[in-house]
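Next up: some structures, all given as structure tokens.
Here chain A shows up in two complexes: once beside chain B, once beside chain C.
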Partner chain A sequence: MQGLHLTSLLSILILMITAFIMPVIKQRQLVTKISLATMGVVLVMLALVAVDVARVEHYTATIGHYDAPFGITFDIGPIEAVVGVLFAFVSTMVVWYASFGIHKEIKENRVKLFYTLIHLLLASLLGIVFTSDLFNSFVFIEVSTLAACGLIAIKDKPENIKATMKYLILSSLGSGLVLMGIAYLYSMTGHLNMRAIHETLQVSVAGNERAILVSLTMFTIGLGIKAAMFPLHIWLPDAHASAPGPSSAILSGIVIKAPVVLLFKVLFMVYGHEILKDTVILNLILIFGATGMIMGSLFARVQTDLKRMVAYSSVAQMGYIFFGFGLGNAMGMTIAIYHILAHGLTKSCLFLSVSSFIEQTGQRDIDNMRGIGREMPITLAIFSLGGLSMVGIPMLPGFVSKWNLALAAIDYGQIFLLLIILASSLLNVSYYFPIIINGYFGNANLEGKIYKSKMKPVRELVPLILLSIMMVIVGFGSGPILDWIASAMPSL
Partner chain B sequence: MTFLIVLPIFLPWLASIFATQSRIITEKRLKPYVAVVVITNFIVLFTVVSLFPKVRFHLLMVNRFIDIYLRPDSLGILFAVLASLLWIFTTFYAFEYMKHENRVRQFFVFFLFTLGVTIGIAFSGNMFTLYIFYELLTLATFPLVIHAGSEEALASGKKYIIYSFSGATLVLLGMLLVFSITNDLSFLPGGIVNFSHFGGTDHNEFIMLLVGYLSLFLGFGVKAALAPFHSWLPNAMVAPTPVSALLHAVAVVKSGIFSLMRTTYFLFGPVSVAMLGASNYLLPIIVLTIVMGSLMALHQDNLKKRLAYSTISQLGYIILGIALLNQDAFIGALLHLINHAVIKITLFFVAGAIYYQTGFKYVHQLDGIGKRMKVTMICFGLSVISLIGIPPTNGFVSKWYLALGALKAHNVLYAVALLLSAFLTAAYLLPIAVQAFFSKKETPELDAIGEGKSLDPSDTMLIPIFLLTAIVILLGILPNPIVSIVTRIAGEVF
Partner chain C sequence: MISFITSHYFQIGTVILFGVGFMTLLLNNNLIRKIIGLNIMDTSIFLFFITIGYTGGREAPIINGAFKGIDAYVTPIPTGLMLTGIVVAVSTTAFALALTILFYERFGTIDLSEVMDSRGD
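Right after this comes the complex of A and B.
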């Protein structure tokens, strides 16, 4: 059904169109409603796409009736479908959450811009994931970077502007590298379509080894910057900590995931394992990932600002994903994609609950969060659930990732990598648990706190609760999800 | 109908969730409610295990790795019955004791929840399921440990969490290593690891299995208070006495012991462990635990801490029985698991009763207390004698088997360690009982309390102590039923 195949394209178009309708509407309420409705529609459409993919396994949607390699196509398999649904789901929940309180955090006249930017952002992220044309993905990357910058800078505070500049400069560097990488590939193969490049590249390796290595490095570094791969993460804590709450949730939950998906496609679908196994790239990614897992957590430990702590935790969690890619075996890659899902849901949960702590108490310091569990019991419960997932309590998604990643590491043949995974999860205990414990327990902590005094109305918490339920489902239902992702892994 | 096997786990969980609703379960109804739940659960447990013996029920099966199922075998049933029986006694004891503590509701919520978790540990059919309940046990008992809410309690709680999670991480490491070789983590009497997993001439797999076993052993050893991972236990004594009694004599530490048994006899099997030669690395630590626990207990003035160090030493006995890898030693370990649980919970109850009635926490304050708390201290004295292992008490029976096992292992050193420690047990506990009755010293502090009347606690507290002492004596005089059950369990794995 070609008609249904274009649903993926349609979802992006709807988002783009509504994005530019919203600025001309006067009432804020109406904009909110339009945004929510659009998000809902997109979510349903992508769910349909996923169902369709589950039935036929894989399909290609050609845009404008020009077939590949000349026209642009969307190649959608299980990985793209799963990630697409994740993006739409998280954005929907975040928009729902933002509809109650975003006007308190940013200026009234910026609210419409906020929704516009979110729509543009989601559209471009979906584009990055779906498209099988490299240049097309570059365009989407640029759109997403600018939209993300807008979402950080929208708060108008000096630190936001500073963080935005930092992000913009580093991100442009990354985009530049990606563009050059694309140029290299184009000059070597004469194609921009991923599959076409892959086929041409397989036969023209000889004599091009250096060019291949250079372009591979450019992609890895360029996309690594955008995905906060460890030593290139320096923009992330500032950006994610200073942005308004819902923006942080989106930025940490899904924005840094799109470049990862693209990197995955570039590495394993464009270059392919045959080429990769002769280079050091995978080893480098593995080392960066492993360092990130440890260092990200160590940095998170020493933070005094709650939001910065959660932001650094993202660096560590991205390390898990790169670690999985770096292993280079089917299991490692599968679990890396699964972790995109797991971390996307968990981190957006954490950021939204943190942002409601900050909104209700006006405090950002971890020390001032003592006794918060009495004032906001449900929100802290959701935060705790996210924390427990990060720590790796069985059957929450964080545990599933860790367990499978460890098995993949054994499969890879390096037992000491196990120790990194386990050490990283112990480090997670050391910074998530104190907040939970001091939030709920201790006489000194609870003194003078009134039960449920700062709680948000339950209906404002619904999106958060839905996110955490989804997180639990992804954990318990990890079996079929993993099988489905694994079915799409390129054969090694 | 086999799904009914989950009832003894989920019933307390549901009950604990209901207990948070102060509108349904009012302050007045809370205690009867808890009592009804624990007794019902005991009956339910008895019914389901007799209706469906050795049934296998999958809670969740994701794939080969993540397969959560329950399979209560005789060892599991023994542990579950022991725990839920002692839970009933503790419940009644706690009704009275918790009167002078705050947040009674919070206490009972987690108290009920922990019951479900403990039975879950007993019923776990494979290592993965056991690991899940083991992690849950840490989370469920943490609020109980820090119940007092003071700075000191929070600090101890922190220590407990750090030790427990480090231990669980070791367990995870061990599980991963073993799983990567065997592709299976289920429990089978006699173990699933066999010679074919040792990889023949390839030494790599042998070492992975050895490291896997050692890290499982040390990981579970944290909760079983194996030295040098024992120090959370004395610190955790800041918890209210019912918690110390139940968790730190039965549920938590014995879950650690139980998991060690599962690892050694049901995952690896005695033959494989012997071939790995793992005991050579572990036995020195275990002997150290036994002797060090006793020596440390000698100079504790705080009664509960003295009991805690005594627990460490006695748990060492049980672990020794596990690590010796012969049938007599394993029978001894199982018997001591039961006997120590019953004895130590009584001793803790008495310590709590003394504190509750007089406010005394220290041993030097207890001179002459036997004249004022006659029944309580007689129970204390009888339990002490049992713990030392003087015939014909139950402590003697279990230590007899342990000593037999030690001799069978052709090492007199272990038997000497057992004897030495029994002697030390007498040295640190007997004087308390003797001084309580025969002290000639003036006791102005004690005389000032209660105008010379009897200080024995009220019936809700005294009856559990009395009944438990009766069980202790009964187990000593008529050990045969228990010994035959335990021998049957031990027979399955050898």
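Right after this comes the complex of A and C.
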């Protein structure tokens, strides 16, 4: 159905339009309702898109009836559909959660701006994922960067300004590199459409090897900065730890995922495996990913601030995704995309529960979280579920990722990579389990704590519970999801 | 080598400018200088794009009077793209400058090295 094909474009347009309606509305309650309704509509639309993709495998939405090499098109296959639904779902839940408590964390007159920024952010992230025009994706990247910076700076504390500055500077470096990479590709091929570039590059590799390598490096480093690839992650802990709770959930859950999806498309759909196998880029990504898995966890271990610890855990988890790409075989790529889903749901769950700990107790230190399980049993249960998924307890999405990543590493032929996965999992245990155990058990920890004394009303916890239910569903239903993603992998 | 330099001097110049801007943005501690570096870097990319689109001896693609055939005009796409690029660069610069003002109000300095704590993590 042709009409349905434009739903993907329409979802972005609705978000952009509502984003700019909000600042002019007076009542905060109305703004919240509009935001929630819009998010719900977008979620339904993207679910329809996914159903449609499942039926016809793949479709293209042309914008303004200009066809592929000249006009901008949205090429939507299973990967884009799955990631799009994930983004919409996480944002809906975060907006729902934020509607109860965001005015306590930021100034009253900035609440409307918060929703505006979230809408702009989601619109640009969906754009990055859907578009098949490189320059268009660059514009969306810039919009998402500025919106994400706004979401950090909205809290107005000195450390927020500092973190935003760091993020903005490094992000601008990344954008500059990406744009230069696009310029190289354009000068070699004369196209901006991904498929057209791919076709032209295949015939004009000879004589352009150096230019191809330079542009590949620019894309990898530029998008690597934005996606917090290990040595380029230095902006992430400050930014994600200082932002208001719902912002952190969105930043860690989905904002760092969009550049990864774009990097995937650039590497495997624009350059293609024929070019990649002659370069060192994939090995480089594999090494960065593996180092990130270990170092991110080691850094997380030594943190005393709970939110910083969860932020460093994101660095480690992004390592898994890059590790999957770096393996370069179909299974590794499939599991990298699956881990985007798994980590997106799990990390937003963790950040939201951590932010309710901080909101209810006023404490940020891990040591002060002892006995929290008696005061806030449900929230800690959700946190534990997320932590267990990160560690890799069977049937949760984190386990599915690790298991299949291990299989992909065996398939790749390097057994020692298994040790890295194992070591990273054990490190995850060492920083998630103490919080859970000290939260629920130990007489000294529980002394003087009153059961359910600091618990939030259950209706405020509904979005968190839904997120964790979704997480479990993604874990249990991993078979069909993996098959569906694998069906879209570019042939090697 | 010499012929490469004489035929590609525009591209070589833009890449040098890109390097200058990139290193200024990365290594300088003064926020205003960082923003200037950002602008140099962006401008070098615009120049690079425009030199790709330029073909010697051709006119701008504006039909004034008779149409002279496709070979008489340069391709308009890079120029059009760079209009968008300039808008993006301006908004990033504006945001960075606004943030610098906030930074100065909070910390009383625009030097990053004075504020950033070197915790090493």
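Following the convention adopted for this analysis, the second predicted complex is superposed on the first by the 492 of 492 C-alpha atoms of A that agree within 3 Å, B and C clash if a C-alpha of one lies under 4 Å from a C-alpha of the other, contacts with A are read in each partner's own complex, and residues count from 1 in each chain.
Please note the rule applied: a residue touches a chain if its C-beta (ideal position, glycine included) is under 8 Å from a C-beta of that chain, and two chains touch if they have at least 3 such contacts.
Just so it is clear, the structure is predicted and the values come from calculations on it, not from any experiment.
Novice: I'd like to know which partner A:F441 touches here: chain B for first, chain C for second, both or neither.
Specialist: Touch status of A:F441: first partner only.
Novice: Using the superposition on chain A described above, determine whether A:F299 touches chain B (first), chain C (second), both, or neither.
Specialist: second
Novice: Just checking: does A:L173 make contact with chain B only, chain C only, both, or neither of them? Give me first, second, both or neither.
Specialist: second
Novice: Contacts for A:V400 in the overlay, against chain B (first) and chain C (second): which applies, first, second, both or neither?
Specialist: A:V400: touches chain B, not chain C.
Novice: On the A-aligned overlay, A:E142 touches which partner chain: chain B = first, chain C = second, or both, or neither?
Specialist: After superposition on chain A, A:E142 lies in contact with chain C alone.
Novice: Could you tell me if A:S187 is touching chain B, chain C, both of them or neither one (first, second, both, neither)?
Specialist: second
Novice: Quick one: classify A:T164 as touching chain B (first), chain C (second), both or neither.
Specialist: Only chain C is touched by A:T164; chain B is not.
Novice: Should A:A37 be classified as contacting the first partner (chain B), the second (chain C), both, or neither?
Specialist: A:A37 sits against neither chain B nor chain C.
Novice: Give me the intersection of chain A's contacts with chain B and its contacts with chain C, in residue numbers.
Specialist: Overlap of chain B and chain C footprints on chain A: empty.
Novice: Chain A touches which residues of chain B in the complex?
Specialist: Residues in contact with chain A: 60-63, 65-66, 68, 128, 131-132, 135-136, 139, 142-143, 146, 148-151, 154, 157-158, 161-162, 165-166, 169, 172-173, 176-177, 179-180, 208.
Novice: In the complex of these two chains, what residues of chain A are touching chain C?
Specialist: For this pair, the touching residues of chain A are 135, 138-139, 142, 145-146, 149, 153, 158, 161-162, 164-166, 168-169, 172-173, 175-176, 179-180, 183, 186-187, 192, 237, 299, 302-303.
Novice: Mind listing the chain A positions that touch chain B in their complex?
Specialist: Listed in rising order, the residues are 388, 391-395, 400, 403-404, 406-407, 410-411, 415, 418-419, 422, 425-426, 429, 433-434, 437, 440-444, 446, 476-479, 482-483.
Novice: Chain A touches which residues of chain C in the complex?
Specialist: The touching residues are 18, 21-22, 25-26, 31, 34, 38, 41-42, 45, 48-49, 52, 77-78, 81, 84-85, 88, 91-92, 95-96, 99-100, 102-103, 106-107, 112, 115-116, 121.
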